[in-house]
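What follows is a set of structures for review.
Both of the next two complexes hold subunit A, though its partner changes from subunit B to subunit C.
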Partner chain A sequence: MSSHTHEEILATVTEIVAAELGVPAAELPPLRDLREVEGADSVKILRSVAKIERRYDIEMDDDDVFSLRCLDDAAAVIAKTLAQGRA
Partner chain B sequence: MTAADGVAAAGGDFVDLPWEALVDHNCFGCSPQNQSGLRLRFSTHPDGLVTRFRLGRAFESYPGVVHGGILSAICDEAMGNLLVLRTGRSAFTVTLRMRFVAPLKVDHEYSCVARLRPEESRMGLEHAAAEILGPTGRPMATATGIYKPVPMDRAREHLVLTDDAAGRLQDALSESSSKQNGA
Partner chain C sequence: MRVADTNQHYDLDPAIFGSFLDPLRKYSCGLYQAHDDTLETAQLRKLRFVADRLGLRGGERVLDVGCGWGSLVLFLARELGCSVVGVSPAPHQVAYVTGRAAQLGLAGRVQVQQGHFETVDLGRGGFDAVTMLGSIVHMPDLAGAYRKARVLVRRGGMLYVSESCFRNAALRERFSGESADIFVRDGIFGWGDMRPLSELVRAAEEAGLSMVSLDDLTDHYRRTISDWLANVRSHQETIDGTYPGMAARLVRYLETANAGWGYTTKHYALVCRAAR
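The block that comes next holds the complex of A and B.
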């Protein structure tokens, strides 16, 4: 399994979430609270999670998924999950 | 395939499941002769296995919405049968985790794609994942499962089979596995 930097993961997550929310990636800085993004709802966030899990072939813990506040959180959870898979 | 309750798989090149070697095969998920069941048919997919389905009101939850328990069964069927085809063994479900992303509508067509997750597998347990997708490929539900593939002699502790039926099933399992693995 290849390793991914936080920045690489963040870029991928931003691309996926921006496409799902229908907003430009530039409107999703890493620390922006996703609840403040117009049009964001639980369905779109869960669809993004599904695509992220598919992309990295990971399963994120429900506690992590449902406590995500921003893309930086998501990148950190993905990195943690990938590391657990390699352990 | 036709079905009074609207469970129908789209046409295509369907995979022969080893259970069809049993004349009284009655699986709720994949037996074509279980009139109360889902009668799912599977085709190969680049990721693993796919089934397409359209569920009628017999499988309804809230008005017009497909029951989530049925979706769990479909994901379990897809993952379990993929493992059966790949390993040539019966695969018993150990865990099944669902995430329901959005409600599915009754009388609309969806697909379920299952894949294996071999990097996660250890201790004789196999990991798999499945997604239920809408017509445009958007995820509607996701599942992960852990399965215990069991050889026939162990499986027979749980399955009700005559010696003759067990022999036919073992032959069919071996043949299916050989086909799937390109032998």
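The block that comes next holds the complex of A and C.
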């Protein structure tokens, strides 16, 4: 599945997280700290992670799951996990 | 914080729980097999699972600590002819289970004591089995709870504990101060401590118990809570009619619990024997 580009992954992640946080995708630029988004909390972020893992059929490292700060981080972790063949 | 404070959730009007739990009002994890299993089917299967894990064949004396609305107490008395003592600190639960036992003609085999397990007088003990489904989480003195259970069970008797646990000590340290965890622990229950499994095992060892089995029920609890959530949403008006705003609080609590399974929390069933 190495055909995913960073931009494609970022677009997918933005869509999933925006739906979970209940905000327009435009409010989630790639480097924005998710915890600063109004209405975001650890529960919604964890639910986003679960949806992302299901979408890509992957299991991210715990360290990555609990240190995600922004969508760009998430896209990088997904790309890394896919590249490691941990799907 | 005292254990007494854990009454606040469990002592709500039992009708609230009737609106989102299964007909037996079992307020703990079910056991699912097929993709179309109902909540009722899963809870009944789980009651049989508990009896199987304990090796109950019928007629035994069983103590159920934190008996809730009596699903296990009444099941063991009715299906297996066991003599069962239930303990709950919540007056509404005690009255409910006592009433159900009388309705079902089980009053002679079911006794329910109101009080906290740590302090309630349970007589000479000698129980063939002691069960604690989701109750140790509300007891501040874990070692004391295991020691008391060990004293109350006969030699060779069994102890079943199922509990929600942080996945490890580091995650507990990190997340037990998060607002979502504080809301569930203090805002819903009053007190609770989701100790990692290792702490439960250690307390069991130190009480002199031998480990018999360990089951990971995490996925089953996620599905149980999804079923409860669907029921809360479809009975929102009834719930809010009794306690305005309660449906939203229940949804937040249940969604928080379900977001954490596997990531921050697990649900395990640990069975021990009182034997060398």
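Annotations for the structure displayed:
Methods note: the second predicted complex is superposed on the first by the 83 of 87 C-alpha atoms of A that agree within 3 Å, B and C clash if a C-alpha of one lies under 4 Å from a C-alpha of the other, contacts with A are read in each partner's own complex, and residues count from 1 in each chain.
Going forward, a contact is a pair of C-beta atoms (placed from the backbone, for glycine too) under 8 Å apart; a residue touches a chain by one contact, two chains touch by 3 or more.
None of these values were measured; they are calculated from a predicted model.
Touch criterion met: A:66 reaches subunit C, while subunit B stays clear of it.
When the shared chain is aligned, no partner comes close enough to touch A:4: not subunit B, not subunit C. By the document's definition of touching, of the two partners only subunit B reaches A:51; subunit C does not. In the superposition on chain A, A:85 makes contact with subunit B only, not with subunit C.
Contacts of A:41 after superposition on the shared chain: subunit C is touched, whereas subunit B is not.
Residue contacts after overlaying the shared chain place A:32 against neither subunit B nor subunit C. The residues of subunit A shared by its contacts with subunit B and with subunit C are 43, 46-47, 49-50, 62, 65. Across the complex, subunit B meets subunit A through its residues 97, 99, 101-102, 117, 119-120, 129, 131, 138-139, 142, 144. Of all the residues in subunit A, the ones that touch subunit C in their complex are 41-44, 46-47, 49-50, 62, 65-66. Within the complex formed with subunit B, the subunit A residues making contact are 1, 43, 46-47, 49-51, 53-54, 57, 59, 62, 65, 85. Residues 174-175, 178-180, 255-256, 259-260, 263-264 of subunit C are the ones touching subunit A in the complex.
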